[in-house]
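Presented sequentially are two complexes of chain A, the first with chain B as partner and the second with chain C.
== the complex of A and B ==
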């Protein structure tokens, strides 16, 4: 901190001939008509696949399967039947998307809240509670990010279903259903919540730690002088001030879990009791090949939620991401 | 300003936490419900009876007398009321509904709840679930090779004697061999498909006065006749994304089984007979005079090279338009004719129909190359064994076959269960014939590096680049795993 504080006054000493600062130059160049044109063009090109999906989802089944979506403009035919089939179920798919939709919420909301709660507390402790080895602990947590989650799928699955003992000490009990070899956890959301929480914690702790560590020291010291405990400081000062970082990570984690297929399939399986929307979308294509019209309709229903979440919390998202990186 | 924002932030957070707690509570109650799976199943049953039709209610009231008639067939499977059996498969909707429909009566009579779970990631997920201690009770294995691998890793439990007895009684012995690993019988066959078909247009045949050939010689006489009449007799397509080339491996299998019979075919599959052997080379020569014969192919598309480029789904387009005489493809090709003509029908008077690719030598009568799934169990609880045995029984196979679009090689299924003159019926006729030689698709049995890799690639090169036969066969041999 102190090093940066010394560097800041030096900035104006840069070549006086350069009249504008770098951000100003960037802003001027990016707002030129040409730049705007390029940006609009890129946006348009970027949106074409989504447009194709939308059009396909509105076309009758035979059209969607036999011709490209662009032929829609020559032969426009619109139907809502794809959406109604996906929502209520039809001849191709037995059940509608609704139970899977609920499952996705039941998986994603706790799987976003659990890691956030733990990570916030851990980040506060690592940033403001002085204890021996706190830096080592922090770097260890950060370093855990390099472990690919695919590597831990099988050990985790074994732990949930068969238990895990470290020598004689049971770390995770073998919870068998009475009179069966099936684990109590099989076919429930619990393994998913635990797995997603574990996979999210390193990044969450790192991001939120970086944010919390930058809160003004004076605030904490003043609170300490007034006799506030760590928990009170955490609750009354740190949490409210960290909302941008927390919200941005909440969106991040929620979207990641919402879009996850691998972890869900591995720990929960594909039955309507627990499988999320992604598992439903993966199976919707059916035995006889791609049901393009249904997949696209299902995909559009599935992205409504991420879109709502993103637009509702968008300002936190941008601020929170910047908050961790750019130091004022 | 900051105060307002702060308050808003807290509200947001509080709202999130509240929602989370609520959902956690819901999840919790869900779990406690599934703790007592038995109770749940029992409850479902009672509700089913309460809300069911009058017939069902009457049956429930009268007990054994009324249900007795319908449930007599399931006497062997009784005594497992309230149990649940998980079935994990790669067969997705809409086939899923037909399976659930086919065993609905079994579930009702025996009180066993069969929970069906399908995934298009089946082959990746199953080994993971077994290793993770979360194996399903029953899985439908689409390839004998996968079954052998699972058994080697430890997982499937041997099938009960009741299942084995049914397989002995109702299937061609070759089928039992594919479900037997190292002398132990694990898995009974489920559905089957038949690959030894030649598709043609009954309309074109009628217009030109052709008759369906029943011998190998007649087949070539007909091909030459078509050439004389200006019709390209054969068409084909190998393009199939990552699996490009597989139709050509089918052609090789057809010829191998017809030329040399089951024993040599088995040696070839096991790797004891090299691809670069005179036998396989002779079989390749037969295909060279058939699908690589510029006089004969590629109807509707062009020269020999176009076979490699044409998607297999599109290969039959020329049959509908009359530009191509015949197409060697499996029974499932029946689903594709609608792509060429929306009003297409399959049947002896329809848009397209199939005849059996004739035998070459009377030494090896009626060779049939096909495929199918196998029912492997991972638990030996009585209800799992009951379901496993039921899935091998003629009752189940008849019930499923009567719902259509499914073929069983179980000879206990009466042929009139299938729609008359349907391709399913024709398939079943050849698959259940006790005098025929049945063999599983060789490329599904060989190590994946060969059967699902180099053989596809090299057969494609054989067509696309006219790569010399000897080099093609030597390169396939080189891919065979050394151990």
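== the complex of A and C ==
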């Protein structure tokens, strides 16, 4: 008995945890140079292609077409003429990227704001103005994510061009100008905004609902007791408190729209009136594929905006990503 | 100067769009908050939920049914042809289906495996932030941009000329005298296109899995190490089961992205040289050939292919929740 009683207080001295974990820690320290080496190698491999793009875009045409970009380090010649030709148009590529660049902003900013606003409203109703069918509606919206974009493209295009009637009831008006083949919407951003908004809603509503539903119940009830309407609560309480979720999704959606090609080609064609940079890039890649120095300059102009957004707001972006996939 | 003015005009119409939208919402809110008494609750529900529901019905639900219907029609969408369009897909477009299946299976697994490796390695590093954001960076680049970046890597030049494509040059440094024309090199060109998608998606897998690994409680790992689990055993018996749910989500998320991918194939080869996939063929049929029936049938094939993935996803997540 006494031996046992004496042994108990001595236990911390022999602490198995510590004895075991010293070699463990040592092993970790030993293996980490290897881990670091592999990671640095992979980081290098992952960055090289983009570096090649940047360097090629800065090289004179003859250099870029007749030698690999890695020879740049032995023979460093830099020119801005590729960029000036792609920006304003020049002898090789007559139309420049500038109008498309502005189009991308004019498409992506509204196409991020619209679905966010509508999704916030829907998420609030589903989380805090509960009604008989609210769960069913929520899960239906969630489930709509499975419908691929491709299912909607043709019917939506027909709707924008020819209108859409449900029997005798016009759901979407036929906006053709009398005597012309073209819809009033042709050459505007409106079909693009509407299409992007529709396609973004399921995910946006789902993610923002997850966030809004977790706001403190007491706060909402106190506001209701004080006689605040749902509209006042939404504006004064829900929106200010949801800024982190809204910011993450806004960045996500902006990048998604900026980088989109499928919706852009379908609803904007390739004209400088409304088409974004991705359509321009796909076009010059197809037509002037051999002009590596110009295509790379165009590509760099197109990716610089998402890269700035990404590096400046990476934390929000990652948070949005994690909310979308870990909780999903 | 003139270009700048048209540019400002474009931004102005974007701003106008936002302003009109804002006014509409403000008007709805104004009407809604005027209503008192018994009407106020239903009005709030209609105003908050109405826009989303209408847009979803018009943009996804009705079009889905219309596309299913259109897939049973002929090329102009005016005559019922039954299964003929599907018959056409499964008779003469088998290569496209096979390619798509290869994409769906190989790309997510490769991207997730690499992402997991990186996440595990990063867990043992101290200054991980720079490596993480550089590997994650391709996520921000469009598929079109990525395709242009990689067309530089795959650029072919005759072996006696100075090389422009990085891959050819590396292969020649390694002693191969006559590198193939990469994008025409069937069937391996398919895998070269998949590399682009892996390059983009690895960062996503890495970031999400890294967060999941960090979320494993420290005492679980310590207890396992006390029991003598190290290295591979620790990884396969503790780490993997703990992040199982996240792994499934990552693989299926990439699968959905791959299923719908169209930009890479369109920009790199436009589906030539045996690289065509369903999503690009759908675009070609619907918007280049203007064959509404076949285009719709291909869209339906994409949709049907998603369903088993979703069911698998839900079943696995359920199982995961039940065991916890």
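Brief remarks follow.
Keep in mind that, in the parts below, the second predicted complex is superposed on the first by the 266 of 328 C-alpha atoms of A that agree within 3 Å, B and C clash if a C-alpha of one lies under 4 Å from a C-alpha of the other, contacts with A are read in each partner's own complex, and residues count from 1 in each chain.
We take it that a contact is a pair of C-beta atoms (placed from the backbone, for glycine too) under 8 Å apart; a residue touches a chain by one contact, two chains touch by 3 or more.
As the structure is a computational prediction, the values presented were derived from the model and not from experiment.
Contacts of A:197 after superposition: chain C is touched, whereas chain B is not reached.
Between chain B and chain C, C touches the greater number of residues of chain A.
Of the two partner chains placed by superposition, only chain C is touched by A:122; chain B is not. When the shared chain is aligned, chain B comes close enough to touch A:186, but chain C does not.
When the shared chain is aligned, chain C comes close enough to touch A:152, but chain B does not.
Using the contact criterion defined above for the overlaid structures, shared-chain residue A:109 touches chain B and also reaches chain C.
Residue contacts after overlaying the shared chain place A:243 against chain B, while chain C stays out of touching range.
In the superposed model, A:96 lies in contact with chain C only, and not with chain B.
Of the two partner chains placed by superposition, only chain C is touched by A:46; chain B is not.
When the shared chain is aligned, chain B comes close enough to touch A:271, but chain C does not. Contacts of chain A with chain B, set against its contacts with chain C after fitting on chain A, overlap at residues 66, 105-106, 109-110, 113, 153-154, 188-190, 265-266, 282, 285-286. Residues 3-4, 6-8, 10-11, 13-14, 17-18, 21, 25, 29, 32-33, 40-41, 44-45, 47-49, 51-53, 55-56, 58-64, 66-67, 70, 118, 121-122, 124-126, 128, 130-131, 133-145, 147-153, 155, 161-166, 169, 199, 202, 204, 207-208, 211-212, 222, 225-226, 230, 246, 249-250, 253, 259-260, 262-263, 266-267, 270, 279, 282-283, 286-287, 292, 295-296, 298-300, 302-303, 306-307, 310 of chain C touch chain A in their complex.
Residue ranges on chain A touching chain B, taken from their complex, read 62, 66, 91-94, 105-106, 109-110, 112-113, 153-154, 157-158, 160-162, 177, 180-181, 183-184, 186-190, 239-241, 243, 246-247, 250, 265-266, 269-271, 273, 279, 282-288.
Against chain C, the residues of chain A that register as touching in their complex are 16-17, 20-21, 24, 27-28, 31-32, 35-36, 38-40, 42-43, 46-50, 52-53, 56, 64-71, 88, 96, 98-99, 101-103, 105-107, 109-110, 113-114, 117-119, 121-122, 124-126, 129, 131, 137, 141, 144, 146-156, 159, 164, 171-172, 188-190, 193-195, 197-199, 201-202, 205, 229-232, 234-235, 255, 258-262, 265-266, 278, 281-282, 285-286, 289, 292, 295-296, 298-299, 302-303, 306-307, 309-311, 314, 317-318, 321-322, 325-326, 328. Within the complex, the chain B residues that touch chain A are 5-6, 9-10, 12-13, 16-17, 19-20, 23-24, 26-27, 30-31, 34-35, 37, 88, 91-97, 100, 115, 117-121, 125, 128-129, 131-134, 335, 339, 342, 379, 381.
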